[in-house]
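There are two complexes below, and they share subunit A, which is joined by subunit B in the first and by subunit C in the second.
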Partner chain A sequence: MIISIASGKGGTGKTTVAANLAASLNQPVTVLDCDVEEPNLHLFLHPEIQSREKVIAPVPEIDLDRCTFCKKCMDICRFNAIAVTANTVVTFPELCHSCGGCTVICPENAVTEKERILGTVETGTVPLPDMNFGQGLLDIGQVMVPPVIRQVKSHRAPDQGITLIDAPPGTSCPVIAAMKDTDFVILVTEPTPFGLNDLKLAVETVRLLNIPHGLIINRAGMGDDAVYAYAKDKNLPVLMEIPYDKAIAQAYSKGDLIISQQEDYKEKFQTLYKKICFLADSEKCAP
Partner chain B sequence: MKIAITATGTDLSADVDPRFGRASYILVVDSETLDVEVIDNAANKDAFKGAGIQAAAAVSEKGAQVLLTGFCGPNAFKTLDAANIKVANDVSGTVQSAVERFKAGEYTFSSAANTEGHW
Partner chain C sequence: MKELVILSGKGGTGKTSLTAAFAGLESSLMLCDADVDAADLHLIMAPDVQETHDFVGGNEAVIAPDRCTGCGTCLELCRFDAIDENQGEYTVDALNCEGCGVCVDMCPESAIDFPPKTCGQWFVSHTRFGPMVHARLGIAEENSGRLVALVREQAKKRARDAHIDLILTDGPPGIGCPVIASIGQASAILIVAEPTVSGIHDMKRVGELAAHFKIPAMVCINKFDLNLDQTRAIETIAREKNILVAGKIPFDPVFTKAMIQIQTLLEYDDTCPAAKAVRNIWETVMTHPAMKLERLM
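Then we have the complex of A and B:
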């Protein structure tokens, strides 16, 4: 069972849900921070990192002795990462999306691939029973996020295990990369106009991907009722509410889990998992 | 010598377009005969990314040795430099006056981009 936790709006509580849900399950779990531009799940789970690997993407290198300046590589590149001038070829690795089109289309075999490092994936264990951890870190100056996320996701639990994916905010390529091929998406929102606006975008995205999904309303009690009306209108199940509560905010600010300060929340997060199992393909659920 | 000039229109009376990669047109002017060849830059104008790179490749293809424009970003400059095209930035007025001032030696060539890249 792979569960991704997304939101649309940033700062709604994705990481809070991921960390507390992971720590509440009495089963082996792998938790992966896919917000590779600013991972922060480690602040709550204190993993011991045991291995690091580089994320490498191929980018083109042109052999000018073979090149006939036919421009086929430039024409196929959607991202303008290759410029063929009258007498030379210039490549822009930072614009390259590593599709390999230029390598395939070159009739002279003048395009070869060299390696570009995008970031790092770190894996290890959390000092809680049966919890593995992984996170991605995009290198400064790089913008190609999805390959880093895909490599983090390659460290998911084996078939029968539970994997939780803390997705980045927004609805663009990085979020799609994080949610894709997961069995269930938890959408975390707050009951404010801003939260609702971005939730609508997130719901449209999840429904395009055709992944079962449900809603957690964080900071319940603030804002207004519009999120509830929207959820009802869209048949969006509200899986859990986390109240707008000073003690919860204080725990967060110290990097503590809610469940370590309020024991009853452990059961609430276990109930959340049961609801997810009911809504997702139940065969995916660990016994 | 062929001079490339970014322009808001298609003849010598048009104003210099201050943008390079997203200029409306790029005129390639023969400095002796004042013959004009027009590059319609409409496709690059709305490019997602890399407009300057494409425009620079087009200027190179036309055989221009010099570019007169307002602002030239780092990726465009890198491409122009590789194609041995000299760049004069901060050019304004009409295309015709730019050609005349170039011929009078009033412009100095840049050694680097004069604006940031766009993301």
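Then we have the complex of A and C:
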């Protein structure tokens, strides 16, 4: 069972839900932070990192002794990552999408590929019973986010295990990379005009991917009621509400879990998981 | 001309609410919403849209079944897992297609079309605070960075034409492609940080990004009284990194109340402590040397 936690708008409580849900389950779980631009889950779960791997993307290297400056590599590149002049070739690795077109098209075999580092994937364990951890970290200045996310996801739990994925905000390629091929999406929103506007975009995204989904309303009572009417209208199940509570916000600010401050939340997160099992393909649920 | 970009790294720290509040403090400015993925500024600005344009953000491969001989070259070459094969029939998975065109150019039968793809729309609008350029990226689309660059380019062009000297840009969260597209050539960035473990972690990364691209950075602390220890930590980090602390705003539900009324904080309540803090921050930001420097754009 792979559950991703997404939102559209940032700062609605994705990481709070991921961390607390993971720590409430009485079964083995793997949590993966796929918000590789700004990963925060580690601040709440304090994992011991046991292994680090680089995320590598191939980029072209031109052998100028073989190059005849025919410009075919420049013409096939849709990302303006290669410029060919009368007697030299300049590559722009930061623009390269690693499609390999230049290596395939070169008639002189003058293009080979070298490695460019996009970021790091770290894995380890959380000092709680049966919890594995993974996160991606995009290098500062890099733009190719989806390959880092895909590499984090390769560390998901085997077979029947539970994997929780903390997704990035937004609705474009990084979110798709995080949510794709997961069994259920939890959408976290706050009951404000901004929260609702971005929730609508997130719901469209999840429905495009055709993944079962449900809603958590965080900071309930903070704003207006429009999100409830929207959820009803769209047949969107409200799985849980977390109240607008300064004590919860203060716990969060220190990196504390809600369940370590308010014991009854553990049961609420366990109920959340049961509801998800009911809504998702039940065969995916561990007993 | 000058451009201030509001960023945060972490989402939900108050970028858009602050951008809107600042807008009311200048007599002449151009607004630009560079969060094209999940744009919210229009919800407060209630823009009167004057122009709507399609954003053509690349091309998408489409296999023509009548010309395809099923040789499998495309499947072999595609590095994005975007070619599906089902009993000898080949199709492109649009969600995975990167738009690189390698399959299009290498297909021996020229059986793959590559039509341009409309990935969103961008708008030029009137608002009660001045003109605004904003956009909407289509759901699950790529190339948000290119749309951000386009929106900023248009904001500059139109500001120049209208003799407006200041562009106020509401940036996206994160530090990746759209954020990098939103800060190139900006006069300065203002980071909206919150005093939480996540807020500090993310503010550091966006500060490093600004340093990497040599853009002057300032920071303001929203909800500073939520956790005074973390607020002090932000101030210390900012001093170490030579980032000006432009001010601190108290935790106040008035921001949400204003949002619900489709008003800026200052329109909703001009005298509350948060409103005073916002005014002070704006004054400080505008006296920063980077905001005095005339940049050729």
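One rule holds for everything that comes next: the second predicted complex is superposed on the first by the 287 of 287 C-alpha atoms of A that agree within 3 Å, B and C clash if a C-alpha of one lies under 4 Å from a C-alpha of the other, contacts with A are read in each partner's own complex, and residues count from 1 in each chain.
In this section, a residue touches a chain if its C-beta (ideal position, glycine included) is under 8 Å from a C-beta of that chain, and two chains touch if they have at least 3 such contacts.
Since the model is a prediction, treat every value here as computed from it, not as a measurement.
Engineer: Report for A:G223: first if it touches subunit B alone, second if subunit C alone, otherwise both or neither.
Structural biologist: second
Engineer: Which holds for A:Q142: it touches subunit B only (first), subunit C only (second), both, or neither?
Structural biologist: Second partner only, subunit C.
Engineer: Identify the partner contact of A:F79: answer first if only subunit B is touched, second if only subunit C is, both if each is, neither if none is.
Structural biologist: both
Engineer: Is subunit A touched at more residues by subunit B or by subunit C?
Structural biologist: In the superposed model, C touches more residues of subunit A.
Engineer: Of the two partner chains, subunit B (first) and subunit C (second), which one does A:N87 touch, if any: first, second, both, or neither?
Structural biologist: The answer is first: A:N87 touches subunit B but not subunit C.
Engineer: Touching A:E53 in the superposition: subunit B (first), subunit C (second), both, neither?
Structural biologist: Neither subunit B nor subunit C is touched by A:E53.
Engineer: Is A:E115 touching anything from subunit B or subunit C once the two structures are fitted on A? First, second, both or neither.
Structural biologist: Neither partner.
Engineer: Considering only touches as defined above, state whether A:L95 meets subunit B (first), subunit C (second), both or neither.
Structural biologist: first
Engineer: Once the two structures are fitted together, what part of subunit A is touched by subunit B and by subunit C alike?
Structural biologist: Common to the two interfaces on subunit A: residues 78-79, 143.
Engineer: Mind listing the subunit B positions that touch subunit A in their complex?
Structural biologist: Touch residues, subunit B against subunit A: 47-51, 53-54, 56-57, 60-61, 63, 75, 78-79, 82-84, 119.
Engineer: Any idea which subunit A residues touch subunit C in the complex?
Structural biologist: 8-12, 15, 35, 37-38, 40, 43-44, 76, 78-79, 97-101, 104-105, 138, 140-145, 168-176, 180, 190, 192-194, 197-198, 201, 204-205, 208-209, 222-224, 246, 249-250, 252-255
Engineer: Within the complex, which stretch of subunit C touches subunit A?
Structural biologist: 9-13, 16, 37-38, 40, 43, 58-59, 77, 79-80, 95, 98-102, 105-106, 137, 139-142, 144-145, 172-180, 194-199, 201-202, 205, 208-209, 212-213, 223, 226-227, 230, 251, 253, 256, 259-260, 262
Engineer: Give the list of subunit A residues in touch with subunit B in this complex.
Structural biologist: 71, 74, 78-81, 83-88, 90, 92, 95, 143
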